[in-house]
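Below you'll find a set of structures to go through.
The following pair of complexes shares a single chain, chain A, combined with chain B in the former and chain C in the latter.
Right, the complex of A and B next:
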């Protein structure tokens, strides 16, 4: 079998070899662009973290030694973890339903998922700023239902950030999970129930384990995206609940402290790349991507 | 049984309920903003006391909004052209080239997609300070091109990998020059990939906020930057009308994509 396919591959490939461009010439414009405006700026930014104000690791010592900055790191990790768990808890049943529901229904859900994903990020964040404000419709509804007496503070804190981020991240977990569940053979679950498994047993011991690689890949992607998110935390979180990306922007824009700003950027970069490396190692390149 | 919709029993309604609530959660904020953009309340009271077009009039009467929208469009159009052109060349090298480090090159090309945008924004801001490119259209286009290019390369390499090269070779054997064969045989065949690349590139630039905040100057702002700076001051309903226009634009683009996809299939 493998022998036959490799011979046929040889047969097909042999006459072609002469026609193939052997150089990476056509890739040059992209390569030059990325080298000049991606690699070079990022590397020189990172160099500033160890060179400014004087050579050494003093920026990192300050960053990791101060309680204020550690709280920002902690905030960032906690919010990202919470957003990931919530997106997964909501996303799994939705992806599952989408994978099996009649096509005319799932088409509507898909259209709404895509609409939400494609709607401008600021427009979506603005919607939540309005919905969650003290006199907003969420507080009003809760008060009318008699669930609360005083309006809750839902913006300018991490509650608002979490709600806004889950809203943005949900499609990123639902779509890949849908693909994974779609590929599971329904016969396996039929077999489980024929062998006497209850529905809960089939869920926990068959469906969830089979979907687990997709869940892990989606969750990791959402977690990493959340770690570096700037717009939504900045608008819904307010200044007292800063997250890492805002800290970087603040160092550079308001404080003009390039040493500290690039040190914080480097921490974010290392964590992000480490998590992506982990994902590549665990699941290969197929799950990579997303905006 | 869990993967047969009709045989889920009582679970069916639980799942459908969760899905319906989630869909509502995703859709309602967008509808809410659209409704508020026609509401008369300055303080965004819902339901609005009465209906008005005042916020749309304010949007269109303010040259700063119009100018920002036009700047966004110009930058996104330029990014689209460069992204598809450069992406197409790079994709040919990635799919057909036989050189060492092809996989590494592809990984490099896709890295801007996974790098936190704020890191790139700060890095480019510092770099452009030296080159004097902050607050220029060139600066905006370069910054957006870096993040749009990976989407373009992904879409075009996908299409190119699905295209059987022997068809192009056949054209060459029949007397077409290699370049002619590429333009008249290969490019039309991967048209759907080029189209996706263009749409993704355009939207990436059009919607991009973080890089734009750093590249912008008081005199050169894109629409997202204008919304951002206004949002930081107050929640004026004019933003609701701007957002609604953006949503409409998105829906139009989505319909265009659906139409073109249908066209490519038939």
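Right, the complex of A and C next:
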């Protein structure tokens, strides 16, 4: 009996110490998986970009030396920036409202947000295609209201891509922002108004600075995700505002030019990693996801 | 005892699975209604006749095909590819030469036969127009490129493939016999004049949607897609004037595991009846010259070769040789 009880006492005490990993052991399965299916392919990608069709940096020279490809890079950044700014502008009021709403209401809004996030991306993008086309509901409504005479061109261009992508990115900015705003003590805002701040001043001089880390984290996440986006730009965009992911797909699938495809993919990877490093440097890991 | 039974059962299962494996083959195409029709007209029939189970895969991806051949892990046995790609891939050593002792090519349309491929089906790029949406329909390629006479959006095939370059040159007044070698500078200059009025379609279903919704009331379409819209009751006007033919091909990737079954599959798929069934189901044209006689006369009448208007055959060999060059330029032009 005494033997058994001492064992159980050991068992009770032991876990705390044992749970702290001293080695990478517990992370090994994940690390091995990452190595096999991420690191190795990335290395082979890099190799292809400098070895095909012949050894050298010719692929990178072509990529960075061509006006067309530079335009695609520039457009990728432009669209990503536009999407990020609009997502912030729309997402901030939503996150703020969610944070101060009664819980039963905010639960409903959250359910709507998450449901839209869980719906198949392709289906959502197709839905926008139908809504935004010349004979779609948006144009028909505007024309029936007498606001426009001619249907607006809302798809196959920058407008379509921006609308579609902002819609898809919104949850990714609302969720981290919500977390940050929730943690702001409402007493601070009360204090601000007691000290004579107008609503506008409390917003700009108190709430926004306090929420800034969450905004920055969310914005960077949306920006980085947008950089590599494929489906939405491919379906809602026109060919003249092509994004990088489409160019890569074109090189790999249509032109079967893997050297160029790898080079473009590698440039995208480097840019993404650089932005990620910037995020870590500016906000540390604690702000990832806004917690 | 129990252990032995389990082992025996395991061994039996393994034997069955490996047997099933040996009797399987994989057919890869572009998905959608086209592949459904290919399954019904070819694969199901082949499975019933030969006992070989035909698994469907897709969509066709040239990058994937090349990767499989290079890695010597080919899981596709028969692949439906574009005609110009078939010629190029054959020359690059990515394909198995076809066994014409098994496949009877005497009845196959010679326009679409090479050492490495036979025609899967063929189609024409024609001018389609939604008659309910516009007062007048463009009749020629020149009309389709004339934004003054026919204002509004028009739709063209998005990918670099035989068709649009040819249409631009014909619209600019090049005669069919002088089309090749393609004058790319001239073609792109002509395309520049309507670029902002082009909506690109990337797949057949999208082209139908664009036309039916009048998002683009006219454009260049695969003939079969217009036949299907007309069958659905839409008032479509089709102009066959200088219709441009191009084809899909059936090929066997180098190192395919079930080469023998693949050759037999192609033999059946290119046979007169199978080609007739496929054409009836899709509105695309059969590549077997005996097929039209087996088809309903009314449907056979809608085939490209039955039209009295002039026809232009896209030169697959020219395209195969210049595929990469044209493609690079095409996509760069689009992105401008």
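One rule holds for everything that comes next: the second predicted complex is superposed on the first by the 250 of 291 C-alpha atoms of A that agree within 3 Å, B and C clash if a C-alpha of one lies under 4 Å from a C-alpha of the other, contacts with A are read in each partner's own complex, and residues count from 1 in each chain.
Everything that follows uses one rule, which is that a contact is a pair of C-beta atoms (placed from the backbone, for glycine too) under 8 Å apart; a residue touches a chain by one contact, two chains touch by 3 or more.
Everything numeric in this text was worked out from a predicted model, so none of it was measured.
Asks: Superposed on chain A, are chain B and chain C clashing or fitting side by side?
Replies: With chain A aligned, chain B runs into chain C, so clash.
Asks: Determine, under the contact definition given at the top, whether A:252 touches first (chain B), second (chain C), both, or neither.
Replies: both
Asks: Given the touch rule stated above, what does A:112 touch, chain B (first), chain C (second), both, or neither?
Replies: first
Asks: Touching A:72 in the superposition: chain B (first), chain C (second), both, neither?
Replies: Second partner only, chain C.
Asks: In the overlaid three-chain picture, which partner chain does A:268 touch, first (chain B) or second (chain C), both, or neither?
Replies: first
Asks: Mind working out whether A:144 is in touch with chain B, chain C, both or neither, as first, second, both or neither?
Replies: neither
Asks: One more residue to check, A:133. First (chain B), second (chain C), both or neither?
Replies: Once the two structures are laid over each other on A, A:133 reaches both partners.
Asks: Tell me which partner touches more residues of chain A in the superposed arrangement, chain B or chain C.
Replies: Of chain B and chain C, more residues of chain A lie in contact with B.
Asks: With both complexes superposed on chain A, which partner does A:33 reach: first (chain B), second (chain C), both or neither?
Replies: After superposition on chain A, A:33 lies in contact with chain B alone.
Asks: Applying the touch criterion given at the start, work out whether A:242 contacts chain B, chain C, both or neither, answering first, second, both or neither.
Replies: A:242: touches chain C, not chain B.
Asks: Quick one: which of 3-11, 57-65, 93-101 or 129-137 on chain B sits on top of chain C after the fit?
Replies: 129-137
Asks: Mind sorting out which residues of chain A both chain B and chain C touch, each in its own complex?
Replies: 133, 135, 252-253, 258
Asks: Where on chain C does chain A make contact in their complex?
Replies: 61-63, 66, 153, 158-160, 195, 199-200, 213-215, 324, 327-328, 331-332, 334-336
Asks: How about chain B: which of its residues touch chain A in the complex?
Replies: 1-5, 8-9, 11, 14-16, 18-19, 22-23, 25-27, 29-30, 32-33, 36, 43-46, 85-87, 89-90, 92-94, 96-99, 102, 105, 108-127, 142-143, 145-146, 149, 151, 153-154, 165-166, 169, 172, 178, 203-204, 207, 209-210, 214, 224, 227-228, 231-232, 235, 239-240, 242-243, 246-247, 250-251, 253-254
Asks: Would you pull the chain A residues touching chain C in the complex into a rising list?
Replies: For this pair, the touching residues of chain A are 66, 68-69, 71-72, 133-135, 156, 238-240, 242, 247, 250, 252-258.
Asks: Which residues, counting only chain A, touch chain B once they are in their complex?
Replies: For chain A paired with chain B, touching residues are 16-17, 19-31, 33-34, 37-38, 40-42, 44-45, 48, 90, 93-94, 96-102, 108-109, 112-116, 118-124, 126-131, 133, 135-137, 140, 167, 170-171, 181, 184, 186, 189-190, 193, 199, 202-203, 206-207, 224, 227-228, 230-231, 235, 245, 248-249, 252-253, 258, 261-262, 265, 268-269, 272-273, 276, 288-291.
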